[in-house]
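Both complexes shown next keep chain A, but they swap its partner, so chain B is in the first and chain C is in the second.
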Partner chain A sequence: MEELLKLFNFSEDEIKSEKDRIKRAFKKAGIDSADIERAKLNARKYLDLELEGMRKIYGIWVREFIDLVLAGEEGKKIVYGIYPTFPTATDALMVMSEDVYVTSPEVVLDNVYGTLFGKINRLLRAAEDHGMPPARAHCSLLQARLGAIELGVMPVPDLLLATGFFCDQAPEIDELIHRIYDVPVVYTDRCMVAGAGEWPDINEREDVYLSETIEEAFEETGKIIDHEITEGDKDRGAGFLVQAILAHNGLAEYKMDKDPCPISMLDSYNFAFLGCATAMRRAYENNEIIKAHEMLLLEMRERVEEGKGVVEEGAPRVAINIPNWVDPSLQYMQEKEIGLAVPISHYEYFIDKEIPIVTSMEGMSYERYAGRVMLAKGIFHSIDAFIDYTKDLVEAGNCDGFLWEYPFSCRPLAITPYMVKKVLEEEYGIPTLALEGDKYDSRFYSAEQQRTRLETFAEILRERKEKSWQ
Partner chain B sequence: MAVAGVDVGAATAKVLILESGEILGYSITLTGADIKKSADKVMEQALQKAGLSKSDLKFTISTGYGRNFVDFADRSMSEILCHARGVKFLIPSVGSIIDIGGQDSKAIELEEDGRVCNFVMNDKCAAGTGRFLEVMANVLEVGSIDKIGPLALKSRNHARISNTCTIFAETEVVSLRAQGWNRIDLLAGIHDAIASRVVTMASGIRLKDDAVFTGGVAKNVAVKKALEEEMGKKLLVPDEPQITGALGAALRAEGFA
Partner chain C sequence: MYGEIEKLRIFVKRRPAELRKLKEEGKKIVGYLPGFVPEEILNSSGAVPIGWIRGGDPEPVSFSLRYVPRWIDTYCKAQIGYKDTEEEIYTLTDLLIVPVVDANMRGIGDVYDLYTDMDVFRTGYPHIDGGPAEKYYLTELRALVKKLEDFTGNTIHEEKLREEVNHHNEINKLMREISLMRRSDRVPITGREFAFLNHSSFIVEKNTLRENLESLVESLKGGEGAKKTEKRIFLIGSSIAMGDYKVYDLLKRSGAEVVIEDFPFGIRPYWEEVKINGDLIKAIAQKYLEKRIPSAFQRRSEKRIESLISLAKEFNVDGIVYYIPMYQDAYQTQFYYFEKILREELGMPILKLETDYDVMEIGPMETRIETFVETLEGG
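Up next, the complex of A and B:
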């Protein structure tokens, strides 16, 4: 265990002082010595442990996992927000008290219990015992939420902050958890009326509607967990949020057009989600996130100056939607084996059109601001915005194509790949591969199954780039 | 100097020897369980037909799902680009390709200059592949896979067979057989099912005119007819549709020789 923790920059002192907690957390999560060995192998093979910034960032994830597992027995009031949309609105909750633990648990579970320990299937199977059979369009990310509660890997929360902002499955799962465990649910919602040509402007009706539901949800939340959410909490939460977004944006902006690509997308995703999707009070308060970002930026600069990268210079470059997560061998294959450079993803970078919205909250309430951070994103705004945003990303990353490996069981994302592909190819001339997969459930798709398609796509892009097809 | 293309597919392994754009010889054999052994064997056969030895080959490219197991290849490439190159060589006006092999099917869209600009492949099931036909030929005790196409063409009352899964379709055929459907009508339904499956998959690309049908299944006249009816356009079939991948690999090998 110590060897594993040291891979992620845990100090001797921290290991000593935290040993009992970590042991308890691992025991509760069913992590045994074989799992720890597997985690060491996975970390060494798939994570860029040469980079101290990356080791720090992954250390934050591991600490977050331990906090999540133990939050119940440590007497916290527990609130689960939902991925991918609501965490921006939970930052105010995160800072309000040491006694309140707020997170998006599935993000932590997939990244640590899945990518590192390779145990996510255990949670998925547990959820399947509750009427969520596999390959029936159930979101496997949310299956992990239900399965982890069922197996006691994470505690039953005191409150679920549900949202139908982007996806209808999220509130449905929370409804199921409410029915099984009698957990109160507070809802936020959005009216999806934004349409063609509006992005990056935010639709007024959506703006008002979402912020009002967030306001109501905060009021209700305060009553249920018996903590008033003060304006001061909101200010601090907004401060953390802006700080994390700007730090992350700095990294993304720096690396996106570098050739060779200095870090892999799996690693990029790890820091992207620290800033934008999870709520981790301790990491924010100790300034750990900012320090890790700074370190990583420095290390990336060194790599770029030395001409080092994770793929060869001149490799075909693709923008992607979301990287593969619970099975890191897929992302590894794309970059290290097939030689595709993946410098940019939908979730990673707030392009120029979004940044002015994200960094400005002058004269507006926190609720309005939190809603706007989400509404501004091209991937959430509308299909029209999704297409334009993707085109902008491809251009910003000097990419040769767009690889959309969409999760089969993700209803919002599985519906549109071929519509988007058609427009990107025919209107903008961007080669696009729509590839069915499941980033959160590795039982249905393997690296080998996808190899031929990805190799072919890489060869097509390489030939277009080199004009050497003859 | 001669070059070779090796296409190791799920069902068959093919080698084609080329020199200055001229085909010197080719051979096709069953892949079987030992890919390396099959590749060696089919290479020997092709060399023999070309009247050459291994040392006469300047460059060899392997393709197909077994491409990474061909020890003697100088490099490997995915089969889609090789098929496109081979077909473009044989039929220069080609706009798109339907390739149905032993265990996969693919639709490829080409630009005018022959570059691949789009492709789709079956990703979960063998229902639109040669394996589907093999299973059905077995169930209906036709004897040889080569007979099923001509037999199916005799049908005047095609049975309706599911196209979603090879195993379910097998059960369905057994059940229809028990209900009294004759073998010929069932075979016709099976061919309709494979065509429907493949055309649905191919809707992911633009099927242009001068569409070419390749792969081992292109030798089956009933699949060709069913595909043409389903697509509403004629398909061109090369004289030997099974070797286009190996030919494309060999043509690409010439670029390295």
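Up next, the complex of A and C:
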């Protein structure tokens, strides 16, 4: 265990002082010595541990996982946001009190329990037996949420903060958890009515409704967990989020047009999700997110100066939506084995159209701001916006194509692949591969299944690239 | 079969030809996914509303795979796939109103937006209750009014809206009257016939519909016949499309009859009327949002489950069949706890069936239904 923790920058002192606590967490989560060995192998093979910044980042994830597992027995009031969440909302809850533990647990579980320890499948199977049966295209990210509670890997919360601004399944599953475990739920809501041509403007009907439901949800949350959420909490929460967004955006902006790309998408993504996808106290305490950003930026600059990258210079470049989380071999295959450079993804980067909305609360309530941050993100706005945002992303990253590996069980995204491909190719000339997959479940879509199609796509991009040089 | 129902079948068949003629005369055809879109408003606009309610055929589902992957609610896939058929209620539509109750529904709007010249208007339907939801739905209905006015060039006047509200209240009252007759053990109309009545109500011209319903009510009053021996079934699901009658037929063959159903898509929300006093749009919003039995698209399930239990008792059912399209996540998820609660509260068995509108389903479905009905008889 110590060797694993040292890979993620746990100091000797920390290991010594936290040893019992970590052991308790691992025991509760069913992590044994075989799992620890697997995690070491996975870490060494798939994660870029040469980067001190990434070791720091993975250390934050592991610490957050331990906090999650032990939150109940350590007497915290536990609030689970759900992915995708309003990070502004969950961040305000996070800073409210040390006695309150808040996160979107499925994100933490997938990144640590899944990517590192390779144990996510047992959570998925548990969920399949308790309301989310197989072969029905239930979201496996949410299966992890339900399964982890069912198996006692994470505690039953005191409150569920259910966001329904993009995903229907998320609040549906929270209603299911409410029914099984008698946990109170507060809901926010939105209907995606924005039509063709509205992007980049935010649909006012959606905007107002969402913000009013967030306001009600906040009030209810405060009552249920018996902690008032003050304006100060909201300010600090917003401040943390802006800090995280600017850090991620800054890193994405630096690396996205570099050839060769100095960092793999799996690593880059683990940084991008830190504190953005979910509240994570460990990301903010002692300014860890800022330190990690500064460290990574420095290390990437060094790599760029040395001409060092994840794949060779001149490799075909693709933008993606998000990488595969729980099976790192898929991302590894794309980059290291097939030789596709993946310099940018949807979730890492706020394009110019979005930044003014995301970084300024001026003239609006906190609740309105919380909603607008998410509505401003192209992928959450409408299919029109998804396509336009993707086009901008491909241009910004100097990409040769777009790899749309869509998660089949995510309804709002699973509707899109053929439409996105059609428009990107016919209107913008961007080669697009629509590839069915599952980011959060390694059982059904393996690296070998995808290899042939990805290799062919990479070849097409290479040939086009070579022709364009001639 | 009653003459009125046969007449309605003919009117449904004739409707595409009528629509073609109306379109040639300059009328605008407004297609809508019926159940969440207030017909009162559509009819007031001077456009010709036509419900997109077909389903049950495998071909449109296959055609839909040109546009969306298979992992979408089958009923929604069918609505997409009809684009590539000769079903004129789809191809003649000028403006499509899509109630965005979930991502599956939204997908219908996205496909028609991208692949056709059809105008598409998405209208929100809140998933929660409470003040902001009521306020939002009102905003959505006012936006719908504006869209229709812009599209047709007609102003929706209060008098016309009132007239349509009265008209639809009457239609719903007649439908309610027919439905309540099924509480009797001398059920005068089959479940399949009742479903068809609802389907025809989204297609046939409203005055014609009303005349036939009025006549049918009179016919039914005298036509109860002998006491029925079939097992009484409550059929529940997200959508029951026109053409998707296999579950009715299979139940009938097995000695069971659907005496009550709950489907937000496919069955009219006939239980409540629009109260005609004060702000009409507000009154319409109240009927369509607050007063109806909530669907499983609504996040909180308490009111829905209480309502369904109450209906099951009122109609003295012997068993429940939960019939849903594949990949319909809201209804799929709710089933897990719904089943447990129903068994506890009612002590009756529940059978879950899923469909992808595939003919190969019929054999296994029949076996399961037969076994289920035998269980009811044994119980």
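Following the convention adopted for this analysis, the second predicted complex is superposed on the first by the 464 of 470 C-alpha atoms of A that agree within 3 Å, B and C clash if a C-alpha of one lies under 4 Å from a C-alpha of the other, contacts with A are read in each partner's own complex, and residues count from 1 in each chain.
The rule is simple: contacts are C-beta pairs under 8 Å (C-beta built on N, C-alpha and C of every residue); 3 or more make two chains touch, one makes a residue touch a chain.
Note that the coordinates shown come from a computational prediction; the quantities given were computed from them, not determined experimentally.
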Task: Touched partner set for A:G164, first chain B, second chain C, both or neither - done: second
TODO: Check the residue A:Y418 against both partner chains and state whether it touches chain B (first), chain C (second), both, or neither.
DONE: both
- [ ] With the two complexes superposed on chain A, say which partner A:Y254 touches: chain B (first), chain C (second), both, or neither.
- [x] neither
TODO: Examine A:Y428 and indicate which partner it touches, taking first as chain B and second as chain C; both and neither are also allowed.
DONE: neither
Open item on the list: In this superposition, which partner touches a larger number of chain A residues, chain B or chain C?
Closed with: C
- [ ] Once the structures are superposed on A, label A:L176 by its partner contacts, choosing first (chain B), second (chain C), both or neither.
- [x] second
Task: Partner chain in contact with A:E436 - chain B first, chain C second, else both or neither - done: both
TODO: Determine, under the contact definition given at the top, whether A:E459 touches first (chain B), second (chain C), both, or neither.
DONE: first
- [ ] Identify the overlap between the chain B-contacting and the chain C-contacting residues of chain A.
- [x] 418, 436
TODO: Using the touch rule from the top, collect the residues of chain B that touch chain A in their complex.
DONE: 65, 77-81, 113-119, 121, 123, 204, 255
- [ ] Provide the residue numbers of chain C that touch chain A in the complex, in ascending order.
- [x] 66-69, 71-72, 100-104, 106-107, 109-111, 113-114, 120-128, 130-133, 135-136, 139-140, 143, 297, 299-301, 326-327, 329-330, 332-334, 336-337
Open item on the list: Residue numbers of chain A touching chain C in their complex, please.
Closed with: 130-133, 136-138, 162, 164, 167-169, 171-176, 179-180, 185, 187, 189-196, 205-206, 208-209, 212-213, 215-216, 383, 406, 408-409, 411-412, 414-419, 422-423, 436
TODO: Flag every residue of chain A that touches chain B in the complex, lowest number first.
DONE: 418, 425, 431, 434, 436, 449, 452-453, 455-456, 459-460, 463-464, 469-470
